[in-house]
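First chain A sits with chain B, and in the next complex the same chain sits with chain C.
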Partner chain A sequence: MKTIYLIAFDELRYWRRSKTAWTVLVTLLLISVCAAVVSNSEVSRRADERLAQQAEADAIFQAQPDRHPHRMVHYGHYVYRTASPLAVIDSGIDSMVGTSVFLEGHRQNSATFAAARETGLLARFGSFSPAFTLQTLLPLLLILCGFASVTREKENKTLYQLVGQGVGNSSLLFGKSLALWFVALLALLPLFLLGFDSTANEEFGFRSSLYSMTFGYLIYLSIWVLLIVSVSALLRTSAQSLSVLLGLWIITVVLMPRIASAYAGVSAPSPSQIETNLRVAETMRSGGDSHDIEDTAFADLRSLTLAEYDVEKIEDLPFNYRGLVAFRGEEADTEVLTQFAQERMEQELRQKQIADSFSVLSPVVAIRSFSMALAGTALQDHHHFLRAAEDYRYNMVQTFNRLQMAEMTLAEDLARNDSDESGRRTRVDSSAWTDMPVFELRSLDHAQRWQAGSNPGLTMGLWLFASFVLLLLSARRLHA
Partner chain B sequence: MSNCALRASDLEVIRGGNAVLSGMSFEVKQGEVFALLGGNGAGKSTTLLTFMGLLQPNGGIAEVLGQSAAKEPVAVRNQIAYLPENAALYDHLTAWENLTYFLSLSQVRPDQASLSAALDSVSLPIQSRGKPLKSYSKGMRQKVAIALALLRETPVLLLDEPTSGLDPSAVEDFHNIIERLAKQGVAVLMVTHDLYGACHVAHRVGILRAGQLVEVFEADEDGSIEIATVRDLFLQQQAA
Partner chain C sequence: MNQSFRMRQEFHFLLKSKAVLGVLLLLFVISGVSVALGLNYVEAERQQITELIQLDTEERTHKRSLAYDYGGAAYDAFHAAWNPPTPLTFAAIGQRDLNPTLMRIRALAIEGQIYETDSVNPELALAGRFDFAFVAAYLLPLVIIFVFYDLLASEREGGRLNLLVVTAERASALWLPRILLRFFGILISILFPLWVGMLMESAAVGSMLSASFAIVVQAVIWTALVLAIATRPTFRSETSAAVSVGAWVVLTLAIPIAGKVYIEGSVTGIKGAEVALVQREAVNDAWDLPKSTTMDAFYASHPEWSDSAPINEEWHWKWYYAFQQVGDELAADLAQEYRAAMLARDQLTARFAFISPAVAIQRQFEALAHTNLDASLAFEDQVREYHEHIRRAYYPVLFREVPFSSERLAQIEIADFSESAGLD
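And now, the complex of A and B:
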């Protein structure tokens, strides 16, 4: 073990004294710190913006005067997705998907205002986030640091000297790996501290997720460290080693994630938005128009209700029948909308699974998925937000529909547009929306995030094992 | 008890399809200096690498103090100090740092005085000792490598063209060191082109040709080897 430490120490000393290696190391640390600072300010700004927008939307909604409840159903309300505290490390799909939903009756609107769509094409390619640094840039810089770690010893014949001192091949490669791993750890540290700071309030188990995420990144970087040292041990010259490692980086880091997404899109294509909207509208039309109490689609509801209350006419019911139709109509519409939304989410998850299967070919695909899952910025978190927003929308609309049933008679409701006075009689006191609970998104807990990250985590474990075996094999093949 | 430190028995090494060593046998006793002379490609360095366990013999055996170099390379390397032809040391380290680092790897912890003494014995200028080796000449690097080999204090010393790049005075110093070590019981196997140096310092000189030991000359009672005889045979073998 002591030999391994000595070799690692000397490797670090070499880097410190070599201008090239030192430049790479400083660049690496600088990038790491810059990514932490930039991401922290960007994510904080976005989070503050969303909070402010949510507060403004709540204030506008609650400031509405006395109104007919169905006007409030169509007036609608915006809800915003609060940012995960670990979005400072990995903003995941947050910047690609919408962060707010407009809630209104009879509709499930898509999430809008995605940051990437606002900032243009460059942000879609990959923002300068800590996750991008760790997943994409750090392996490259580790390659630049370590590609010659063993070939240098061969080229300068110092491998003879090392072997002559009784240093075993495995000790040599483990020592070189330890030095490179230390560099990776150094680059990871600022980002871990950033995550530690942003999860200070310990809500929803995000601190535990940070530890798991850090552990995942350590595995990911260890994979690269072992691959770099193995390749350097297997090849004769530094030039060969650099070429092979850069090729490996281009294939696994640059190409494979894009191939995975493209393949997922082709093999499980999503129907277009227009096509889906037409299908939803068609299905909902067959369920009737809940604004029209004479719509034949509600004939059964009318007869059953009259029978239940033992009255002849809907005017004799102890509540506003129009409100009941709106209530039942919303129920039916929501069932249709939820079914389509569920189909869309399943389709998106299918695509994600197909893309994730490429993680056996590239550890980057695995860490990307693992990191987003633990950061709470993955597809499942977006779906969780959409479901929570939909629940809130449904409860809000049905609250207004119940008010319509209870706070006015059918006659008053039907005559609401006859005069100002008739209109006033159908208005509900604004306290109904002032007192309505505001939308609060409760994030998934750590166990749910961990579960979502377990498969890619397992794949990374396999990658680590394979890299370790490769290192041992290259130690057996290494000779001066 | 045998005092044989190195033993090659019917040693055969094939590299790239060519027999580099074919059936070579010799022994080096403790306290003996054995020099192997040979032209390029005669198999001199291959012999040393086989004793280091860096090359696996295709036949025969190479033993160091009774241990097979092929089967127990790490144990064998702990008994050997090896001085390669081109001093394989780190350019980014100073002489002190090179010595300390490599000695730590072989579990040797010399004090400052021993380090200084070793560097004094190879006549490395004091003002150079704290400078990185990248500023050293080939001869100066060789001196540091020799100091390292001395500080290992191993019972066996393998030298590959040890005086290459050294000035005449340093060569003389080096020969004195080798003689002193031999008197202390260290077995020295030296491969070289330097016929005169070999005859001057070695107890026996072997002529190597195409992987075979064709002749061995022994020093006479007053410790010297007839240079002319060795030279004639050496040149004859080279011409053949």
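And now, the complex of A and C:
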């Protein structure tokens, strides 16, 4: 064990004298700090914008005057997605999805106005966040630090001296790894501090997610450390070692994530939103128009309701029958809409699963997925938002439909367009909208995030094991 | 030594250099895969458009058969609009997945409809597109680095450099054949799949030339850059590799990302959602305003209908469509601002193209492929024009208060989007 420390210490001492190592370290520090600062300001700016917009939408909604409740069903409401506190580390899909959803009766609108469209071309080059630094740039810096760690000893013929002094092969490689690992630890520090700061209130277990995330990155960087030292031990010259490692970086970091998502898109294509909308309309045709109480689609409802209340005419029911039709109509519409929405989400998750399976070929695919899942900025978090918005929509619309049932008679409702006075009689007091609870997105909790990240996490474990084995094998071959 | 002998000799060396050949083959395969994926994407899009047109017509015919008044018929009649892929779209899909490409438009306020985009799988979108433009912007430079980084150092480290230098008449005779041969090897590996793809899409010769030229320029820039690094006499091969890759990271990753941060910070107040909100508020407020207020505002911009009979009822379709239009007019300035802000960001992006070849080539390809912001806004204009056509088609029956008959409804003919936008 002591030899390992000595080797590591020796490597660090070599770096202190080398220009390359200093350049790498300074670059690393600079990038990490910049990423943290930029990401922090960007995320908080977006969060502020959305909070302000949500407050504005709430204020406008609550300021609506007395109205016919069905007017409010069509007036609708806007809800905005709030970002997770760990978005400062990994903003994930945040800029790729719409930030607001318009909620109204009879429809489920999709989230619109994705930031990526508004930014333009550059949006696709990645974002300057700690996650990007750690996933993409840090492996490159580790490569530049470590590609010659063993080949240097071979080229300078110092390897024989070390062996002659009784240093075991594996001790040598572990020592070199330990030195490189120290750089990785250094890079994790800003992430940890930033995350610790942004999860100051411990709601929804984001603090635990931060610990898991940091641990995940530690594993990811350890994989790279072991791979770099192994390659350096297996090859004869530093030049060879560098080109192999750079090739590895290009394939796993630059290429694989894109290949994975392209393959997923091709092998499990999803229908366009418009096509889905048309299919929804087709399915809903049989549902009838819930604005029209004479629609034949509601004949059964009418006879059943009349029988239940034991009356002859709908006018004799103790409530406004038009409201009931609106209520039942929304219920039926929502069932169809939810079923289609569910299918779309399942399809997206299937695509994600296919893309994730490429993590066997590249640890970057694994850490990307793991990191987003734990940061609460992954696909499932977006789906969670859409579901929450839909629940809110359904409750809002049905609250208004119930008001329409209870607050006016059928005769009054039917006469609402006859005169100003009759219109007034069908209006509901505006306290109904002031009293509506505002939309509050309750995030998924740590256990749910952990579960979503468990598969890629497991794959990273396998990668770590494999690279450990590779290091032991290359220690055996070191002199052969 | 004559030149043709040197060329043949270098060709022989190239065939024996497994690493260089392997990388060229890899570039060829990756370029091929990107083209195949692009073609697949475009094909799927075309199929979606065909299906959309068919489903759209069915749905509209069905709704029309149920109509009992003109206003209701217009309310239910959606019309498909689409932005068809061009013969070069496969090479640079760009932001196409985030921009509206397929939509259904009706006579209601356009600002409430025009920003509707297809929902993409955000996790797949986040990874970025694997299209030809990506290969050209990211991988081509890396291949050039790999092929040229040890041009000098490999000979020096092999101990042959001094011998080669003293036996060659001129330095150019020594290095030029090697550089040229490898350079053309790279060009052919990346361009051949592109040419095949363009032939399959029957792209115009002009755009084939422009696209190829862009690639040549990109290759020349990077070759010059790498050679400048690789011919430094003091650099060992690993040093020149590290420096070249460093340059790549700065030009391809750091500058674009810094650019993104700069652009988002300097052009702020992009509020697409605000446009939709203002329009919606205007439309909703109209319900509580005196009808004459809305109608006066409408007649001010549409004087040809101002002699229409006054509205005495609580509800009238012509009033409904008038306030939809007035809502659009109220949001028009904000919509213009929104557009201007996006264009301003695009202008700034153009500046970053001067310092990042990756940004430059992506912009160039998106322009050639009509997948850039200009193309997206041009499509938006076509849709706005189409919407104008649709709403105006209903105005005669609404404002002249023609009694409803399905025969008269059938006479309201609305051109297909392809006709309105002049697509073939």
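By definition in this document, the second predicted complex is superposed on the first by the 478 of 480 C-alpha atoms of A that agree within 3 Å, B and C clash if a C-alpha of one lies under 4 Å from a C-alpha of the other, contacts with A are read in each partner's own complex, and residues count from 1 in each chain.
The working rule: a contact is a pair of C-beta atoms (placed from the backbone, for glycine too) under 8 Å apart; a residue touches a chain by one contact, two chains touch by 3 or more.
These figures come from a predicted structure and were not determined experimentally.
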- [ ] Please work out whether A:162 is in contact with chain B alone, chain C alone, both, or neither, and reply first, second, both or neither.
- [x] first
TODO: Pick one for A:44: touches chain B only (first), chain C only (second), both, or neither.
DONE: neither
TODO: Once the structures are superposed on A, label A:283 by its partner contacts, choosing first (chain B), second (chain C), both or neither.
DONE: neither
Open item on the list: A:254 in the overlay: touching chain B, chain C, both, or neither? Say first, second, both or neither.
Closed with: second
TODO: Have a look at where A:3 lands relative to chain B and chain C in the superposition and call it first, second, both or neither.
DONE: first
Task: chain A residues touched by each partner, larger count belonging to chain B or chain C - done: C
- [ ] Using the touch rule from the top, collect the residues of chain A that touch chain C in their complex.
- [x] 20, 38, 42, 53, 57, 60, 65, 71, 75-76, 78, 92-93, 96-100, 102, 110-128, 132, 136-137, 140, 144, 147-148, 238-239, 242-243, 246-247, 250, 254-255, 257-262, 264-266, 269-275, 277-279, 281-282, 285, 344, 348, 351-352, 355, 368, 372, 378-379, 382, 416-420, 423
TODO: Would you pull the chain C residues touching chain A in the complex into a rising list?
DONE: 19, 30, 33, 37, 40-41, 44, 48, 51-52, 55-56, 59, 62, 80, 94-95, 98-99, 102-104, 115-130, 134, 138-139, 142, 146, 150, 153, 157, 236-239, 241-242, 245, 249, 253, 256-261, 263-264, 270, 272-273, 276-277, 280-281, 284, 287-288, 313-315, 341-342, 345-346, 349, 352, 358-359, 362-363, 366, 372-373
Task: Interfacial residue positions of chain B with respect to chain A in the complex - done: 49, 52, 54, 74, 77-78, 80-82, 84, 86, 88-93, 101-107, 132
- [ ] Would you pull the chain A residues touching chain B in the complex into a rising list?
- [x] 3, 6-7, 10, 13-14, 17-18, 156-168, 479-480
